[in-house]
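One chain, chain A, appears in both complexes that follow, with chain B as partner in the first and chain C in the second.
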Partner chain A sequence: MTTTDTHTAVDGAAPAQRVTEEDLARQARRKELTSRWFWRILSYVAVLTVWEFALLDIFSFLRGSPLDPKLLPGPSEVVATFFEIWGEGTMPAAFQATLTRIAVGFGLSFLIGAMIGILMQSKWFEGFFKDAVLISLSAPGLIWVLITAIIFGNRPLGPTIAIILTTFALVTVNVSEGIRALPKELLDMAKSFRVSVLKRNRQIVIPHLAPYLFTGLRFGFSIAWKVTVLTEVFSSSEGIGFEMRISAVLFDMSEFLTWILAFFFFALFLEKVVLEAIERRYFRWRQAVTAT
Partner chain B sequence: MTVTETRPGAAAGSRPAPNPAQRLISIPAKIAKSPHSARVLFPIAMFAVWLLSLMAVEEIWPFAVDVLPTPSEVGAFMWDEFITDTLARKNLYETFFISLRRLLSGFAIAMVLGTALGLAMGLSRATNAFCHDWTMAILAMPALAWALFNSIIFGFDDRGPILTVILAGIPFVIVNVREGVRNTPRELFDMARSFQVPQSKVIRHVLVPSLMPFMFAAARYCFSIGWKGLVIAEVFGGQDGAGWTIKFWYDAHRAHGVVGYAAFFVIFAILFERLVFEPISRRAFRWRPQLRTEVVEEAFGEHHEHYGEDEPARHG
Partner chain C sequence: MAEIRIKNLHKEFGVGEDKVVALEDVNLDITGHSFVSIVGPSGCGKSTLLNILTGIETPTSGTVEITSDGHVAAPGYVFQAARLLPWRTVTDNLLFVQDDRSDATRERCRRYLEMVQLGDKGDKFPGELSGGMQQRVGIARAFSIEPDVLFMDEPFSHLDAITARALRRELHHMWDETKKMVVFVTHDVGEAVELSNRILVFAKGGRLEDDIQIDLPFPRDPADDEVAVAKAHVLRKFEELDLLAS
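Entry: the complex of A and B
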């Protein structure tokens, strides 16, 4: 399309045509953007409408018997329940409990995972930790949650260990990926000039790894909050997971949906908005790598 | 990896040999330094950590020790399960068979629906705009939420766990297939059209091979995420299956049962990886040997989304 435009530009009066060409490009972009937003908003309207009015029938059909409307509240009821719970004032405390647990557990997990990833530069340690990473990635988080819950009971150490065991490998995988892409020439040069191991790690390896660490942070967080909620279901008396379990046991679906959706949006906000904004800010200077 | 490993060894072999005594001494050192022996050392080290922490706990809190599983207890439990001498309602093989059946039905439905949706989203901008946010929302939802929700809706039934598998796995299929469609080589299609290659041949020789690595990654993700979702669903909304059984030992407060069953979970996942996915990937990617290892590794990290962009750059 643009090529035909340039042809006409050559034929006609140059300055006027140049403007139209730019205009055309802008117009096309605007048109695409409008259509994208149109479909997007339509999807929100459609999904919320189906949820409010038709989801009950769909699930009754899937189930083969009519479903009690109380078991599947619509979005309007969930929003109403949200304000009700917010009014009771229990929500900030539950959020705080869960977030503290995530911060402690995932913070440690990130440090351990990154350390193992850096150790895996050496072939020997790569062999040593290979199976640990494989097991952590492929085993369901549930098993760590149950094992730590039965051993540690309600002590805070249990969830922390479960979070570490489920998420450290995600950080390790990203770090070792970064290590595979290390600038070999720089390291060779540093080695031949006898730069010490510590200095080499601090000044070459870690700056190079920073974007990979960040990716590990984001992926790790997305798994960490889910595992944290799961640990709270089994071995806690506060937090989002605990509230979810209580409302599920009481068959109070609107409260259940409110708790999970509230924390879901909060976690998504942290993951997609806050972390990504920080990442963009810190790695503005190396666009090519952050593009991943 | 293996290539770089063997290189120093080969270089050492071609060098003029040192005297035999020196060589004898260097053999244990070489074995100790090899990554394979490190790999063997890992379970041994973990076993030592286990025993040491048992001893430490016995020393510090003697009253807590009856909760902690000892290796011999876990070993005896696993052996009993292995020869189907169990206290649970179903033996090990029946249990995993039930779970596997649920997993495979959910997996099949998720693959079919997800491929259809992924193709539609890759081909049409409007469909993509319509479905993108909801795919991402389902992707980010914890399996626990689906599991509890489905257990309340469907009760103790096969449908709850199966629906959980579908919901947990489908976004990964959609995302991967969409990436695959976006990465199909346009030039090859244009060329096929200008040489008037029939449509069926184009699909077989151009579209399918270029979608293959993405489909494979999708299947692998869907399977492993589906398995993780399934066990949680069985904990809350099942009356049999692997998840239910580990919860059974948990409720019975048998720590060795929980640890032993967890070990079966790990063995199950690794067996599946070795016996199913690795042979398939070897067969499917025989024609592009350099890609094979990459795809296998990409399947594990969560960074599938940029895999399509990385790939050409890495292989030049």
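Entry: the complex of A and C
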């Protein structure tokens, strides 16, 4: 971002300059970016076109018998359904239910995961938690979703526990790694300059750990929302997953797809826009490091 | 006036098989307006001594005392690598080691940044600066608290010759003007002779082997006969102690 700013400033100050190497490099970069976006958008257009006009015939041919058009609505119909559901007002309520579940579950998971990460600095606790962390990292989330659904039914505790079991280890691993990499030279430096312990923690330990916590947050969140929706599909009476189950049971593909797409875009927005904006805002110094 | 008193100082790291003796029975007094250089082969405990004097490490046995006019002296420390907080700007790195953030303090930080020719880099992050610039920020940081004793651990060894020369001159100037004490670790005998009025020679195993006074006037030109003779003298001591091989 900063580089673009300086470029424009330079351009404004000396408009009649000869074309420099930097200009050429910038042009090339812009061209490259444009063409990348072109192909990206083209892929969406291609998929939507095939889906709208040809997919029904293709599937009918593959099945060997004609497919009921109601089972495979085109994108235009899905969009229409979206506005219909939006008008009914069920969407905000469903989103709220799901998001609350994610916030509570992942919030707890984050605290528990961080605490275990801190405890694991001791050899004994490391031995105690090591395999649990490994299992949580490698076992598919679906297992916990099914187990908690069977045990807790549609009680709110089920999804919370499923989220904790699937995501705490990601936080643990990152916190652990961050603590192990604590910058001893910086802490020593601060000590020699008689900087107070409180200030050392606030200005060295926390900023050092922040990127590790943030990585745990990002990866944890990307799993947490999928697991949450899954638990709702299996056992719940509200939320986006629940709405998906209802439309699936009613064979209402159009509604089913609407819910999926709505949530997909919402999660994408949170991950790509919100989290990345936070990253840009708070970790500017890291870009400074990578730029040189 | 600052005073350093070191009595029977002993420092070892590790236990059993891994035990390393870093300093062995060091006795040493440094007083007043001294510029003391510590030279010796690598691994002879120079950094460890500075770390103990600045309170980063504690002695295994023996005592160290650093006072200034009867109260505990404030040390400034320049490390071999800059040791800047990467997530703070240059100015904030200087402010980090200050007791307050008053206008006077900010002004002082700005002045020392200017002294190392980085007056216009205050808003940069360390990652945006070259290694030499980062080292100069580290130097400005130590100067900016106007310490009673300035400790420097091979501060110029990573800098190019021209920058190092300019900063050496600046350092001498500051020492001369403020009448503060400087304890300076280097492996460059020429640098030690150019700057100091006292040179301590350490040998492997952390023993203080020699204590050489150099009473030549400043500024000292390496091409000057007397300076060259002094340098040869120190190098001969090195030879006698068999330190050059390592």
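Methods note: the second predicted complex is superposed on the first by the 231 of 292 C-alpha atoms of A that agree within 3 Å, B and C clash if a C-alpha of one lies under 4 Å from a C-alpha of the other, contacts with A are read in each partner's own complex, and residues count from 1 in each chain.
In this text, a residue touches a chain if its C-beta (ideal position, glycine included) is under 8 Å from a C-beta of that chain, and two chains touch if they have at least 3 such contacts.
Please read all numbers here as calculations on a predicted model, not as lab measurements.
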{"item": "Which superposed partner A:F251 touches (first chain B, second chain C, both, neither)", "value": "first"}
{"item": "Contacts of A:M115 with chain B and chain C, given as first, second, both or neither", "value": "neither"}
{"item": "Partner chain in contact with A:L42 - chain B first, chain C second, else both or neither", "value": "first"}
{"item": "Greater residue coverage of chain A in the superposed arrangement, chain B or chain C", "value": "B"}
{"item": "Partner chain(s) touched by A:I204 [first = chain B, second = chain C, both, neither]", "value": "second"}
{"item": "Partner chain(s) touched by A:A190 [first = chain B, second = chain C, both, neither]", "value": "second"}
{"item": "First, second, both or neither for A:R284, with chain B first and chain C second", "value": "second"}
{"item": "Overlap of chain C and chain B interfaces on chain A (superposed complexes)", "value": "291-292"}
{"item": "For the chain C and chain A complex, residues of the former touching the latter", "value": "51, 54-56, 74-77, 79, 81, 83, 85-88, 96-97, 124-128, 141, 145, 151"}
{"item": "Touch list for chain B against partner chain A, complex", "value": "1, 4-5, 33-39, 41-43, 45, 67-68, 125-127, 129-134, 137, 140-145, 148-149, 151-154, 159, 163, 224, 227-228, 231-232, 235-236, 243, 246-247, 250, 253, 255, 258-259, 261-262, 265-266, 269-270, 273, 300-303, 306, 309-310"}
{"item": "Sites on chain A touched by chain C in the complex", "value": "185-186, 188-195, 199, 203-204, 207-208, 284-286, 288-292"}
{"item": "Complex contacts: residues of chain A adjacent to chain B", "value": "32, 35-40, 42-44, 47, 59, 62-63, 67, 71-72, 123-132, 134-135, 137-144, 146-147, 149-151, 170, 173-174, 177, 215, 219, 222-223, 225-226, 229-230, 233-234, 241, 244-245, 248, 251, 253, 256-257, 260, 264, 267-268, 271, 291-292"}
